[in-house]
Structures are given as structure tokens and as C-alpha cells.
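Following are the structures in question.
Two complexes, one shared chain (subunit A), two partners (subunit B, subunit C).
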Partner chain A sequence: MSAEQGRKLAIIAALWAALILAPLWMPLVGGYTALGTRVLVLGLAAMSVNFLLGFTGVLSFGHAAWFGLGAYGCGLLLKFVALSTPLGILAGTLLGGILGGLLGALIVRRRGVYFAMVTIAFGQVFYYIAFQWSSLTGGDDGLRPFYRQPLHLGFTTIDILQNSTAFYYFVLFCFAGAAAAMAFILRSPFGRTMIAIRENERRARFLGIPIELHIWIAFTLSCFFMAFAGSLYALVNNFADPRGLHYSQSGDFVMMAVMGGMRNFWGPLLGAVVFVVLQDYVSSITINWQIYIGLLFVLVVLFFPRGLLGFIQQRRRA
Partner chain B sequence: MTQLLLFNITNGLIIGAFYVLMAIGLSLILNLSNVINFAHGGFLVIGGYLAYTLEPYIGFWGALIAAPFLTAILGVAVERFLISRVYGRDPLYSLLLTFGLAFIFEEGTRMIWGAQGKPFTIPAFLAQPLSNELFFLTGYRLFMVAVVALVMATLFSFLRFTRIGIRIRAGTLDLETVAGLGINVRALRTLNFGVGIFLAGLSGVLAGGQLGLEPTMGAGLLMPSFVAIIVGGVGSLGGTLVGGLLIGVASGVTAVFFPAASEAVIYVLMAVVLLIRPRGLFGEEGMLT
Partner chain C sequence: MSLLEVSHASKHFGSLVAVRDVSLKVAKGELRAIIGPNGAGKTTFFNLISGFFPPTTGTVSFDGEDVTGLSVARRVTRGMARTFQITEIFPELTVFENLRVGAEVAAGYRLRPWIGKNAIAAVKRSVDEILDLTRLSAKATRLVGELAHGDQRAAEIAMALTLKPRLLLLDEPTAGMGEQETYEITQMVRRLHREKSFTIVLIEHDMRVVFHLADRITVLDQGALLAEGTPPEIAANEAVQAAYLGKAA
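Moving on, here comes the complex of A and B:
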């Protein structure tokens, strides 16, 4: 094992240790467990956006739609159909993933700026539906009441509703599963092909790779991951609301990915940590917090376009 | 029923004309600079509020001219100092940059002028309905359409007959060649951006007279403009014009039969266009794809 590999392994071990021990150390630095849970879920969403943006090189600016659909799918099932957390997650993931895949087939015909525009516009459709169809979705007030249900594992029952630490570990378990699936896909021949498309689409096309099909599959997979994160988000809040589908939410996710570092698998998670903590802090001290978030966008684009991890790597090399 | 339908079609055309004004500005910037200007709605709001502030001193007509010019000056400054820095980089960065600017403009408007809506008074003779039969046709609505028509005619002649206009169109097709011919592309882009923002500011003043002013009004008008561009076809200003009118009428007619879907219908229209003709109605294959 080379020194580089050893260092990488050590960093990943430290990351998982930090995540597993979070309920112990977070209160010491002024955090709380629920904040940790939110960071994990939004981090997973940012990683799903980056699955497409960072590894296929395709910019979707409407991914909040699939995130929000996941949340509504999960909430609607819990409210109207069955009192089961796993079924809720399944329903949300399927709803967002399948709709994403269907519309994706239309969207992947375009590229570049045009692709971004089409994804934004299609994302807004679901925002308006959630907003207008108030008999089903609760409209502007959001979908409630529904509650995440205790997990029945046969031999024991885990109460993730009352016990916030237990819920954190449940979300961490889901997060680990999704992250492992993403890493597995990226290491497969399919994942390598995605990176080939990102690096040089024309060359990949000349090698006989069906580009549209690959981008569509990557888009659909990313929608499924996104909807999975959205389902978890509904469980975090026991609430789903149209703003979760809005394009400004998509912008936040893209920002997390860029701020953390989009060429790195874990970058978006770091971005989500910084973004959520900053937003939490700034919105607690001023009502005009939006202007600071806007400034953050401008500053990151102008001075840290490679994100925090990219910046650190560059400094180390120099 | 007929009158209701007529009312909604006319209404749709008027709203469509309004989308056109906004979308053409966006389209100009997108074509020459390859930037999706998310802050376009923010500039619109600033235009409207500037007119509100200026109106007591220079009157409605003065504000109608001056506010868009001031907005365009702000636009030129933003382009020079911020947006021009991300030209040539991945479109991701210009998107995020203008997205952040949109936040700053909206919140800035709220800090300066307050979160409460403001009325923007229009001359009394424009506010009256033309007749009892056609109660929905106020003079102001016709005035809006006339202004849009005049501005469009001026813009298209400018692009068709003046040297700078021809350079802008040439730059849309092949910027490298235009630069190679010794034309200052940087200045051209700045000017073009200013023209686009002027149109946004003008939209803001006109919208203020019809709907009143609110800090969030720009964001709501941005999405239909995107759809207008996509339906019409990226790269074609004429397409944007048709696209804007088309989605205006489509949402007007839907409002008669199924009011709840009047906002969603334009996206359905977009999906149909993308399915049948991915490049958009008047888009050329190979443009910006």
C-alpha cells in the first residue's frame, strides 16, 4: 500500500468515526443531534446531485423536484396508506425516481446551458402541482400531519420517533447504504464510462459509447438517490412542503456540491456541513439572511470555484 | 362563454407580450454570452422600484424612460465586475453567480423599500376601461402591448440594420470568428448585456403599473420566460417572441377550462415541444446544444 492510499484510508476511517460518534461530540461544539441528522440527509442529496454533476459532467439545476417528490411520496403513504417507515421510504424513492427517469428521457436530448434550463423548468412543474393540489398535498401549508413510525425488526422495536439519537443512527445507516451504492456504481465499468463522458464527450462518442443512454441512466440513478434522500427528509421533519421542490432548493444543493468540491466523492457532504451550519447560524442572528447566502454564492464562484477540498489539494501541491 | 374565452385570449396575449419583453432580454444575453441570467428577475424588480422612487419627481413618463436606463447602468456594472469574470468557464459558475445575485437583489430590495407591496400609480386616462362591452381592456393594457410592440420593432431593426446589431447576431453564431475579425467582443457582450437589462427594467416598470410592486415579483416572472425561450428555440429571438405569446395564450385559455392548471400548462406545452421537436419551434440544430 502506498503512502497516498494509506492516507486516503485514514481520512475515510476518521470521517466514519466522526459520523458514528456525532451524537457524543456534537453537543460539545454547540450542535444538536437533529442538526446532525439534517446535515446527513442534505449531504446525501448534494452527493446525489454531484453523482451527475461531478462524475458525468451534466448540470441539473432542477434536482430539488425529485427530492421533494420523494418527501411527498413518503409523507402521503404514511398519512393515507400505511403506518410504516420503510414502506414510506420505498414509496418516496419510487415516486421521485420513476418520474425523474421518465422526464429524464426528454431532458437528456439537450446539453450544456440548455440542459440546465430544461431541468429547472421541469422541476417547477412539480412545485406548482404540490402548491395547487391542496386537497391532496396541503398546498402552501405543506403536508401534515404524519409521523415516522417505530421500526419493527421482528426481535425488537426501535423507537425512532421519540428517540432522536436512535433516529440519527437510522439515517446514518440509510446514508451509508446509499453512499456505498453510489461508490460501487462509480467503480463499475459504467461509472468509468460516466467519467469518460465528463472528460471528453466527443471522444467517448467516437469510441462507440451510446452517450444519451449513459447520461439517461446516470440521471435516473441520481433521481432515485435524490428521492431516497427526500423521503428521509420527510421523516426528519414529519412534514413535506412545496418549497422543497423549488428551484432555489436545487440551487442550494448545487452550491453544497460546488462549495465542498465536486471532483471529490465526499466533497458535497463537507459542503452540506458548512452550508447548513452557516444558514442555521446566520438566520438566527438576522432576518436578512438571504443576502448573506447570496454573497456566499458570489464569493465561492469568484474565489473558490474548486470548492474547499479542491482548494486544500491545490495548496498542498503548490 | 364566448366573451369569457375572448377575455382570456386577450389577457393571454397581453401577458404573453409581457413574457416576450422579459424573455427577449434573457435570450439576448444567453445567445451572446452563454449565461443564463438568473438575476434577470432581480433587475426587473429594481427597475420597478426605481420608477416608484422617481415618479414623484419626474412623473410617470419620465420614470418609464429613466428607470430602465438606470437599471441598465447597474446591469453593465454587474457584468463588468462580476459576470465577465466567469466567461469561458463552465456554465455552472455563471448560473450559481447570477443565482446568488438574484438573492442579493431580492433581499436588497426588501431592505431598501420594505417587504410590503407598493402601489405604482399610472396616469388616470390609462387606467380606464375602453368600453362597457370590453370591460377588461383598460387603456393601460393596450398601452403595455403597444410599448412591447414598439420596443420589439426597434430591437429587431437595430439587430438587422446597424453595424453593432449585425455584430451581435454574428457573435451569436460564431463568437471566435467575430473576435478574429478584430471586433472587441468584451465590449460587445457588455453592451448586449446592458440592452437585455434595459428590457428587464422596462418590464419592471410596466409590471408595476399593472400589478403593483413586490420584492418577489421578479422570481415569479422568470420561469415563464425560460419556458418561452425553450419553446421558441434557443438561439432564435423570433422564436422567443412566438414562444412568449404562445405560452401566454395557452395559460389564458386554460384558465377558462381548468383554472388550477393555468400555471402548469406552459410546462406541458414545453414537454410536448421537446418531445416532438427537441430544438424548439424555431431553434436551429446544433445551436448551443
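Moving on, here comes the complex of A and C:
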């Protein structure tokens, strides 16, 4: 094993140690467990956006649609169909992922800014549907009431509704599974074609890769991951509302990915940490907290175009 | 039988006729050079062959099959590979990683979420073989974007070779190169042709390279076929001399 591989492994081990021990150390630095849960869910969403943006080079500006659909799918199932947390997650993931895949087939021929525009448009369609269809979705007031249900594992039952630490670990378990799946795909021959498309679409095409098909698959996978994160988000709040589908929410995810470092697998998670922590602390001081996040974003883009994690890596290499 | 047969191909861009009724037959194992003054339509003609865009009229056949309407990916599957006048590579990947993409596509793995140890080893072997053939082995772990221009051009040809092509289309392989680099690339193309029996069609500006390498030469001028023949025939052709030196000459 080379020194660099060893260091990489050490960093990843440290990251997982920090995540696993979060309920222990977070209170010591003034945090609380639910904040950690939020970071994981939003971080997973930002990583899903980055799966497409950072590794295929395709910017979707409407990914909140699949996030929000995941949340509604999960919430609707829990409210109307069955009292089961895993089924809720499954329903949300399938709803957002399948709709994302279907609409994705219509838009993968567009590129660059046109692709981004069309994704915004589709995202807004779902936003207005959720907003207007009050009888089903609760409209502007959001979908409620529904509650995440205890997990029945056969030999024991875990109460994730009242016990926030247990819920944190449940979300961490889901996060780990999704992150592992993403990493697995990116290290596969298919994942390497995604990176090839990011690096040089023309070269990739003339190496015999049908670009549209591969972008569509990457887009669809990204939608499934996004909807999975959205389902978890519904469980975090026991609530789903149209703002989760809005393009400004999509913008937040893109911001997290870019701020953290979009060429880096874990960059968006760091972006989510910065975003959520700033939001939590600054919003208790001023309602204009978004100005400060915006300011930070501009500074990062201007001075660390590779994002915070990219900057840290560059420093270490130098 | 000819491997590549272009018949009466034309390409119009609005009112501009970039390629006008050009026909071409390239035999298996041949090295054909396409030359012509700037704006003669050489690259447009290449784009018709490789499927970058379809011809307005005319057909392209490859190994007896009409491929005129086929996508780039399908042409690659049938054995066509090309390089570009302006180097097209994956700059932030290493030389090895650049070639691996092509090797995995050629092996039919591009949609696989997983490949086994044996498949990984086979891919590595075929990449190593081509690195050796193109004299890039020592630079395998370097980022291709950081290499010298000549090595980047060589890497692009190497990428095309990973596809195990039956026809190699090279668009100005020596573009922008110094003396030494031009010599090395010329030697490499010669090796591919003589030792590995690749069928090659290349566009080239450097006449020394063309006359050194080509079995036959096709001359385009203002989108139309001006002449075709062996290097001595082309050198003696008055119409070709006129096109190159200006009509007044």
C-alpha cells in the first residue's frame, strides 16, 4: 500500500469514527443529535446531486423535485397506506427515482445551461402540483400528520420516534448504505465512463460510449439516491412540504456540493455540515442568515474554486 | 474487397458545400493520406466517415456494410476509431486511466457495475500492451493533461488503439509538433502500419510525413476530389501543384 493510499484510508476511518461517535461529541461542542441527523440527510442529497455534477459533469438545477417526491412518497405511505418506516422509504425512493428516470429520458439530449433550465422547469411542475393538490398533499401547509414508526427487527424493536440517538444511527446506517453504493458504482467500468464523459464528452463518444444512454443512467441513479435522501428527510421532520421541491432547495444542494468540493466524493458532505451548522447558529441570531451563507459561498467559489475539501487537499499536497 | 468505401458523399452547411461528391475506396491494410490546402474539406470528410455528422447525400460503407446512418458508438463497435486535429483526451486522468476507458469499452464492460479479477487483469494487459506499442509505458501513471504536447498526441492515438480498431482515422497526427516529436509520431504510425498491419487513413499537412508514410494519396480541393494516386503520381500531378501553389502558377 502506498503512502497516499494509507493516508486516504486513515482519513476515511477518521470520518466514519467522527460520524459513529457524533452523539457523544456533538453535545460537547454545543450541537445536538438531531442536527447531526439533518447533516447526514442533506449531505446525502448533496452527494446525490454531485454524483451527477461532479462525476458526470451534468448540472441538474431541479434535483429537489426528486428529493421532495421522495419525502411525499414516504409521507403519503405512512399517512394513508401502512405504518412502516422501511416501506415508507421504499415508496419514496421508488416514486422519486422512477419519475426522475422517466423525465430524465426526455432531457438527456440537452446540455449545459439548457439541461439546467429544463430540470428547473420539471422541478417547478412538481412544486406546483404539491402546492395545489391540497386534498392529497396538504398544499402549502404541508403533509401531516404522519410519524416514523418503530423498527421491528424480529428479535427486538427499536424506537426511532422518541429516541433521537437511535434515529441518528438508523439514518447513519441508511447513509452508509447509499454512500457505499455510490462509491461502488463510481469504481466500476460504468462509473469510469461517467468520469470519461465529464472529462471530455467528444472523446468519450468516439471511444464508443453512447453518451445519452450513459448520462440517462447516471441521472436516474442520482434521482434514486436523491429520493432516498428525501424519504429520510420526511422521517426527520415527520413532515413534507412543497418547499422541499422548490428550485431554491435545488440551489441549496448545488451550493453544498460546490462549497464542499464537487470533484471530491465527500466534499458535498462537508458542504452540508457548513450549510446546516451556519443555518442553525446564524439563524438564531438574525433572520437574514442566508446572506452569510451566500457570502461564504461567493468567497469559496472565488478563492477555492475546488471547494473547501479540494482546497485542503491541495494544501496538503503542496 | 475494400474495407472503407465512401461513395458520392456531399456535405452542405446551409449554402456552403464543404464536401462535394467525393468517393473513396481504402483497401484492407492500406495507409491512405488525405491532403489538400486549408479549407479543402478534409476534416469535414473525416467527420462524415466517423459519424460525427451524416452526409447530406452519398453513402459510407465499412467492410461491405452500409454504415451511413449508424451512430458513432455503433461504428466504433464495428471497428472504426479516430483521433482529432485538436487533441481530445481526459486531461485529469492518468495515461493508464485514459486507455482503460477504451479497453473496457472494447471488452464490452461499459455498462457493468462490477467486473471480476480476471477481467480487470485482462483489461490491464491490453492497456499495457498498447502503452508498450506507443512507448508510453514510463508515463502510465502521469496525468495526461500534464504531458508534453507530443505525448498527448501519442496518448490519443493509444486510446484509439485500445478499441482494437480495424480502421484507424488520424486527423493531423503531427499537428503543432516540433521536428523530434513529428519524427517519433511518424515512426509510430509507420510501425502500426507495417508491423501491426493496421488500415490507416490520415489527414496530414506535413508533406515529408505524407510521402514517407502513404501507400496512396487522395487530394481534396475546395471540397472536391482533385486527384488520387501513389506518392510519385501525386508529386507529378500538375493540377495538384497548381492547387498548392495557387492557380496563377
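Here is the rule we use: the second predicted complex is superposed on the first by the 316 of 318 C-alpha atoms of A that agree within 3 Å, B and C clash if a C-alpha of one lies under 4 Å from a C-alpha of the other, contacts with A are read in each partner's own complex, and residues count from 1 in each chain.
In the analysis below, a residue touches a chain if its C-beta (ideal position, glycine included) is under 8 Å from a C-beta of that chain, and two chains touch if they have at least 3 such contacts.
Remember, it's a predicted structure, so these values are computed and weren't measured experimentally.
Look at A:Ala240: by the touch rule set out above, it reaches neither subunit B nor subunit C.
Within the superposed three-chain model, A:Tyr128 lies in touch with subunit B and out of touch with subunit C [touch as defined at top].
With both structures placed on the common chain, the touch criterion links A:Pro305 to subunit B but leaves subunit C unconnected.
Here subunit B and subunit C are compared by how many residues of subunit A each touches, and B touches more.
Of the two partner chains, subunit C is the only one that A:Phe184 touches; subunit B does not reach it. Of the two partner chains, subunit B is the only one touched by A:Val113; subunit C is not.
Contact with subunit C, but none with subunit B, is seen for A:Arg192 once the two complexes are overlaid on the shared chain. In the superposition on chain A, A:Leu296 makes contact with subunit B only, while subunit C stays out of contact range. In the overlay built on the shared chain, the residue A:Asn200 is in contact with subunit C alone; subunit B does not reach it.
Comparing the two complexes, no residue of subunit A contacts subunit B in one case and subunit C in the other.
On subunit C, the positions that touch subunit A within their shared complex are 50, 71-73, 76-77, 81-82, 84, 88-93, 97, 100-102, 104-106, 109-115, 156, 159, 162-163.
Note for the complex: subunit A touches subunit C at residues 184-185, 188-190, 192-193, 195-196, 199-200, 202-210, 214, 217. For subunit B in complex with subunit A, the residues that touch the partner chain are 30, 34-36, 82, 85-86, 89-93, 95-97, 99-104, 106-108, 110-111, 223, 226-227, 229-230, 234, 260-261, 263-264, 267-268, 270-271, 274-275, 278, 288-289. Those residues of subunit A whose C-beta lies close enough to touch subunit B in the complex are 53, 59, 61, 103, 106-107, 109-114, 116-118, 120-122, 124-125, 128-129, 132-133, 247-248, 251, 254-255, 258, 288, 290-291, 293-298, 300-302, 305.
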